[in-house]
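Same chain, two partners: chain A is paired with chain B first, then with chain C.
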Partner chain A sequence: MKVLCERTALVDALNIVGSVVPTRTPTPVLRCLKLTATDGLLVLAATDLQVGIRLGVEQVDVEQPGEALIPADKMTQIVRACDDPTLTFETENHAVHIRGADSHFKVFGYDPSEFPPVPEFGDATVDCEISAGTLQRLIARTLFAAAAEHSRYAINGVLFDRRGKLLRLVATDGRRLALAKGDCLTGEGDCSCIIPSKALKLVAKLVDDPDATVRIAVEENQIRLAVGEGPDAAMLSSTLVEGAFPPFDDVIPKDQDKKVTFDTATLSSAIRRAALLTNEESKGVRLSFENDKLTLSSRAPEMGEATVEIKLDDYQGEPLEIGFNPGFITDALAVIDGGKVTIELKAPNKPGVLRTNGEFTYVIMPVNLQ
Partner chain B sequence: MPIRRLAPLVVNQIAAGEVVARPASVVKELIENAIDAEAIQITVEIENGGRDLIRVADDGVGIRFDELSLAVATHATSKISDADDLAAIASLGFRGEALASIAAVSRMSVVSRPRDAEGAGRIDIEGDRTIEPRPAPGPPGTTVTVRNLFFNTPARRKFLRSDQTEATRVSETVQHLALGHPQTGFTLTSGARRTIDLPPRQERRLRVLAVLGGELDDELLELDVTQREIGIWGMVGKPAIARGTAKHQQVFLNGRFISDRSITHAIKEAYRGLIDPGRYPTIVLFIQIDPSQVDVNVHPTKAEVRFRNQAAMHGAILSAVRDCLRRADLTPALDLTSVGSPREAPLIIPGPPRAFGSGLAGAPPSASYDSARQFVEYFRRLDPKQKGFVYSEVKEALAEQAPELLIDDDAKPQAAQDVEVLPVIRPVTDVLQIHSSFIVTQDEEGLLIIDQHALHERVMFEQLADAIGKGNLESQRLLMPETVDVDATQIELLADLGPLFVRIGIEAQQIGPASIGINAFSSFLFERGVEPGPFIRDLLDRAAREGVNDDPEAALHEVLDMMACKAAIKSGDKLTAEEITELLKQREKVERSSNCPHGRPTTLHLSIQELERQFGRR
Partner chain C sequence: MQSAAWALGAATPCCRTDMLPNPRRPWGRAEESTYILSCQGLAHQIRRDLHRAGCCSERGRRPSQYGTMIPVPFPRVILHVDMDAFFAAIEQRDEPKLRGRPVLVGGAGPRGVVAAASYEARTFGCHSAQPMAVARRMCPQAVVLPPRRQRYNEVSRQVFAILESFTPLVEPLSIDEAFLDMTGSDRSLGTPQGIATAIKRRIRDELGLTASVGIAPNKFLAKLASDLDKPDGLTVIEPDSIQSAITKLPISKMWGVGPATEQKLLSLGIRTFGDLQPWPCNVLESHFGSLGSKLHRLCRGEDDRPVITDQTIKSISQEQTFDEDRADPDQVRNVLRGQAEKVAMRLRKGDLRGRTITVKIRFGDFQTITRSATLHAPTDRTDLICAQARDLFNAWADTGFQPVRLIGVGISQFTDEAEQFNLFTQRTDDRSRRLDATTDAIRNKFGSGAVQRGVQP
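Coming up: the complex of A and B.
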């Protein structure tokens, strides 16, 4: 293999592909990137055996097609440290020579055939197609609410639930639940599976053109996504999370009798300020709703107290006092992208619901304040 | 069967059954008599564990010749005269049955000479046979000789343990009495060996050290308070010298050794969180109260007492001991010398290994000893370069920041002595996390090794205890109940645990024949990454295994312990520099940071002198 590569394009690709490479693994080949040079394209591939990624770099001149398997960290360090506009990669047995204008690196690698297969999208059956921008938005609005390392594995991922062209992503950590809706470009029948958080994080990164089309194929225990068309399409594959996702429809309350609308930025600022005087043992911020105003307050023993007021013009219902973990609210407000948000409540020990124009629903459980 | 009046010998033998159970009880009764007789020096001799011979000689007031017969009679005493005296007993004895009881089960002789008398008198009793008093030679004071104990009650004799065990019990008895009476000199000779030798008119602190072992001096805190007419003086052992048996926990009331459950409980409470619940502190307490406030006439051996105001006594002991411990720096020092050869038995006099106090040597090694050994093992495994690194780092830092503390060949020892060394307080800058488990840093005196989990657990515990003092813990509700599968006993426990759950922010109920649903969980635990399901399962398992403590505060403490343990950073967690700094900052803030709630130490200290010694520098 001998390839001349545009360095900056390579840096961008390495940033994404490199994040799949496991840092702690007893298997040295898994710490490597596989380079495959074909006609006018250098494909970088990495896998941790759960998530696999393939990313094509077009800004190359392939002199001699071939394959190489070299340690990801060394390759990334070299490509980042050089300031040449281009670098050449040439294999000699299992070693790779990397040459710049005034530098030469010989990096020892492994036999490329030892690398586990990283699936291509190939001729997989397409389940649905969706615009990259829509998918990215759905991911941003749910992924933050997913559990991390929970003993119920199912909630460590995000539920992918498609009914015809309507796609819903749902994530929960047991204390809050985020649901985002969007339309697919194509899609028939129903499909439901749980995608690991790590894979979804990468999908969001792979999108650089929101108008690109993402093809999704769901198989028995694996999902494949291809961003863009043609031979240079970025491609991600992942095993699915096994287990049953909690019945999310049941936990979204339908009989909330108190409603109020906020400007997202106003509410976000008020909550951030009220949260300044909370600590590890008393996280909660108290929200006191009255007809014309909302008072947010917090108190941390031996630290102090905070009070912030917001005027309300459209509060419907009886006055109510309820406590929430402020982080849970600001997490959601951060992904709404401005505009208005509606809060629906019922009682101090019942969930609160945040909504924006039907596309985003967020259920949040209160804390009992003392 | 017709009813008959029992013969006096039988009556006395029955009485002896209560008072005289073994040689040690004979020794106790006789020494108490000697103390009540204002003796300055008491000499005790035993042979074959006291089975063959017990002799207690004193230099007290003595018994008049014409009173000798009366002295050995039942219910005859010089110590009280009427029932009113019983209400305020100031002497150790008062029942007037000791000599008669002992005489009933042995061959006893009493030789006594009042201080002003010309010569002594002697009386011999053997069962119910008395040889009338006759003049005899003897020094001022009283000598009671008891031979062939239980010769006429074979059943009792059979219950005696080995000579060695009986001798140890005698020795313990003499220790108890010696602790309570520092003004009196004591010697104990067992067979040919002198095992106790304590001079008269000893200062009480020195007496305690002489009995417990002088090497414990640094590990004992002196306590001296008087509150609500209760005077408490004592030597309170640091948690590091806690032991596996209660032997070194000794309480004296008005000079009398007592064992009182409520006082034992108060001591345990005071050490709660500082030592492992299965271990006992080393502590000697002397309580002085008005004799009218206590009834010692509960049991013939007088080890049990009844306080008029039990609660006040409990409270006074608890607060006195707790305050004493709180004021002290409880960070155990690393003692590298103890490695290889276990701490030598503290000997009052040089002698064979079974000498007085050797009980300490036989006791399991203390916690600090164990950790010291582990530390040294660790240190040994380090390669020489690393050792040098640690040493030179510490030393360099010290040379730069506090040269007056650096005692070294090249330093001027003369100058060092002239400078008054003041503790140097400075922010911690050099820290090292090793094996993601321990934090090594320095203070003005040397090296500190901190168990990150133990310390953080302590910090978490204090935070929780503090928060719960201000109200129930904050509770985060769950979207849907988290189910825990349990068994029938655990479901029953749920009712007992209900009030406790409310306090720690947990709401759980039975939702099926063998399952519990958790509706709300402590937001603190959530924040620290503890999951409701596994936590409740662990808690119920533990409650089923160990039972739920009846005392709600104690039960709460146990649960807070568990919460702190789960919430704390673990051994093996890699910490950032900021996290380490924060943890060390907390260490200074948190009360009792030297021990984790289970009583294990959080911090070990290795002085620069000790390091230098270990490296052969001094």
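Coming up: the complex of A and C.
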């Protein structure tokens, strides 16, 4: 293999592909990137055996097609540290020579055939197609709420739930739940699976053109996504999370009798200020709703207390005092692109619901303020 | 002297003239007592305020309300009061027939351990923490009594009431020993020796018991001192005499040195405190890690730990030693479940919630292992604590069960964190909380055996 490669394009590609490479693994080849040079294209591939990624770089001049398998960290360090506009990659047995204008690196690699297969999209059956921008928005509005750790439910991933062209992504950590809706471009029948958080984080990174089309194929225990068309399409594959997603429809309340609308920025600012006087021990902000105002208050032992007021003009229902983890609210407000947000409540020990124009629903369980 | 306390900069306005010289000098050293005397009233005030505010005067922390304070060398006066053969002495006091006879308090079963040995029994080589069988062989004529915990607690409260009448700065170390910080009390109460004598007299006159007292500039030396002249002793280590008092002491007497560290020190040729003194701090750290710098200070008799009165509970645990090693995992599981229930009940009684659950297992050869897990939210619920304890036990038992001598469970990492409700388990959470409240109420009214869990939670 001998390839001349534009360095900045390679840096961008390495930033994405590198995040799949596992940092701790007993298998040295998994710490490597596989380079495949074909006609006018250099494909970088990486896998941790759960998530696999293939990303094509077009800004290359392939003198001699071939393959190489070299440690990801060394390759990334070298490409980042050099300031040459182009670098040449040439294999010699299992080693790779990287040459700049005044530098030469020889990096020992492995036999490319030892690398586990990284799936291509190939001729997989397309389940649905969706615009990259829509998918990116749905991911941003749900992924943050997914659980970091395992529990008795499969919630360390995001539920992908498609009914015809309507796609819903749902994520929860058992204390709050985010649900985002969007339309697919194509899609028939129903499809439901749980995608690991790591894979979805990468999908969001792979999208550079919101108008591109993302093809999605779902098989028994694997999902494949291709962003864009043609040989340089970025391709991600991931095993699915096994197990049952909790019955999320049951926990979205339908009989809330208190309702109020906020300007997102106003509410966000008030919560962030009230949260300044909470600490690890007392993570709750108290929200006191009255007819004409909302008072947010917090108190941290040995630190102090805070009060912030917001005028209300459309509060419906009886006055209510309820406590929330402020982070849970600001997390959601951060992914609503401005505008208005409606909060619906019922009682101090019942969930609160945040909604925006039907596309985003967010359920939060309160904290006990007693 | 490394110990530090707070004194005022010369220009600070709250330095009052009515606190100036007092002819009674606590350590009899003019240059230091000048400092102490001019500031003692204030020091008293500071300590009282800090005490009320729930914080102690840790070294390096400057409570700003006292203005520009600088730490100055300031010998503290720390008393360590240790009751002599506490349990055995109570038994002898309560039952005159036992006076003058060797008495052993502790479990009489095959695995019983001596909790206290009267001084008559100690002359035969008996001591506390010894297997009862060994103690009885050494002293067959000894009277063996089962412990009466409630009685001892009662007397302990009386002892502490006496101590607290001398100073609010009392740090209980166990049921029968405590540290008292009497720094600056000489003006109102007399010399440290005088105070110690008064404490001992009141304990003898009012309770009919004897205590040994150590007086020194810090906790470590005070505890050493009280041990030097038992029973009914009174030993003072003055700042001047620290070196001579400790240099010949074996290193096993050092706080933080257990059998393992002792072996390591012996292998380096260090037998006494004096042997350790020439070793530079960094060399000790390279051998012993963070313990190294402690050793470096302790071997010079330096110890700046404050007397802490605010004894917040850090963990709650239950454990049980079996009469014979248990080879049936299910039997152990049952005991563990009962312990977890008790721990949960004590949590709720103390209005505490903890995050880390630890299971302790000891084998016949005394090898002890612990397994712990941290929940993502603090809890006081019986079902969650039982389940976590059982999972920890099973994870160990599944990989290689061995007969168990002792089993125990504890919970720690208490927080006041606001309780976060859960989305998917709210109904079971509510039910389980109601169940806990109900069983607690029944047990409080009808006793702990009144209600039992029928199935594994």
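Here is the rule we use: the second predicted complex is superposed on the first by the 368 of 370 C-alpha atoms of A that agree within 3 Å, B and C clash if a C-alpha of one lies under 4 Å from a C-alpha of the other, contacts with A are read in each partner's own complex, and residues count from 1 in each chain.
Basically, a residue touches a chain if its C-beta (ideal position, glycine included) is under 8 Å from a C-beta of that chain, and two chains touch if they have at least 3 such contacts.
In this text the structure is predicted, and so the values were computed from the model without any measurement.
After superposition on chain A, the partners chain B and chain C are seen to clash.
When the two structures are aligned on the shared chain, A:Y153 is found in touch with chain C, with no touch to chain B. In the superposed model, A:T86 makes contact with neither chain B nor chain C.
By the touch criterion stated above, A:M365 is placed in contact with chain B and with chain C alike. In the superposition on chain A, A:T264 makes contact with neither chain B nor chain C. Contacts of A:S297 after superposition on the shared chain: neither chain B nor chain C is touched. After superposition on chain A, the chain B segment that clashes with chain C is 546-554; the remaining candidates among 96-104, 150-158, 546-554 or 582-590 show no clashing C-alpha atoms.
Overlaid on A, the two complexes show chain B and chain C touching the same residues of chain A, namely 149, 172, 174-177, 246, 251, 280-284, 301, 323, 325, 349, 351, 363, 365-369.
Here chain A touches chain B in the complex through residues 149-152, 172, 174-177, 246, 250-251, 280-284, 301, 323, 325, 349, 351, 363, 365-370, going by the rule given at the top.
Partner chain C is touched in their complex by these residues of chain A: 149, 153, 172, 174-177, 246-247, 251, 280-284, 301, 323, 325, 349, 351, 363, 365-369.
For chain B in complex with chain A, the residues that touch the partner chain are 463-464, 466-467, 470-480, 482, 505, 520, 523-524, 526-529, 531-534.
Partner chain A is touched in their complex by these residues of chain C: 376, 415-426.
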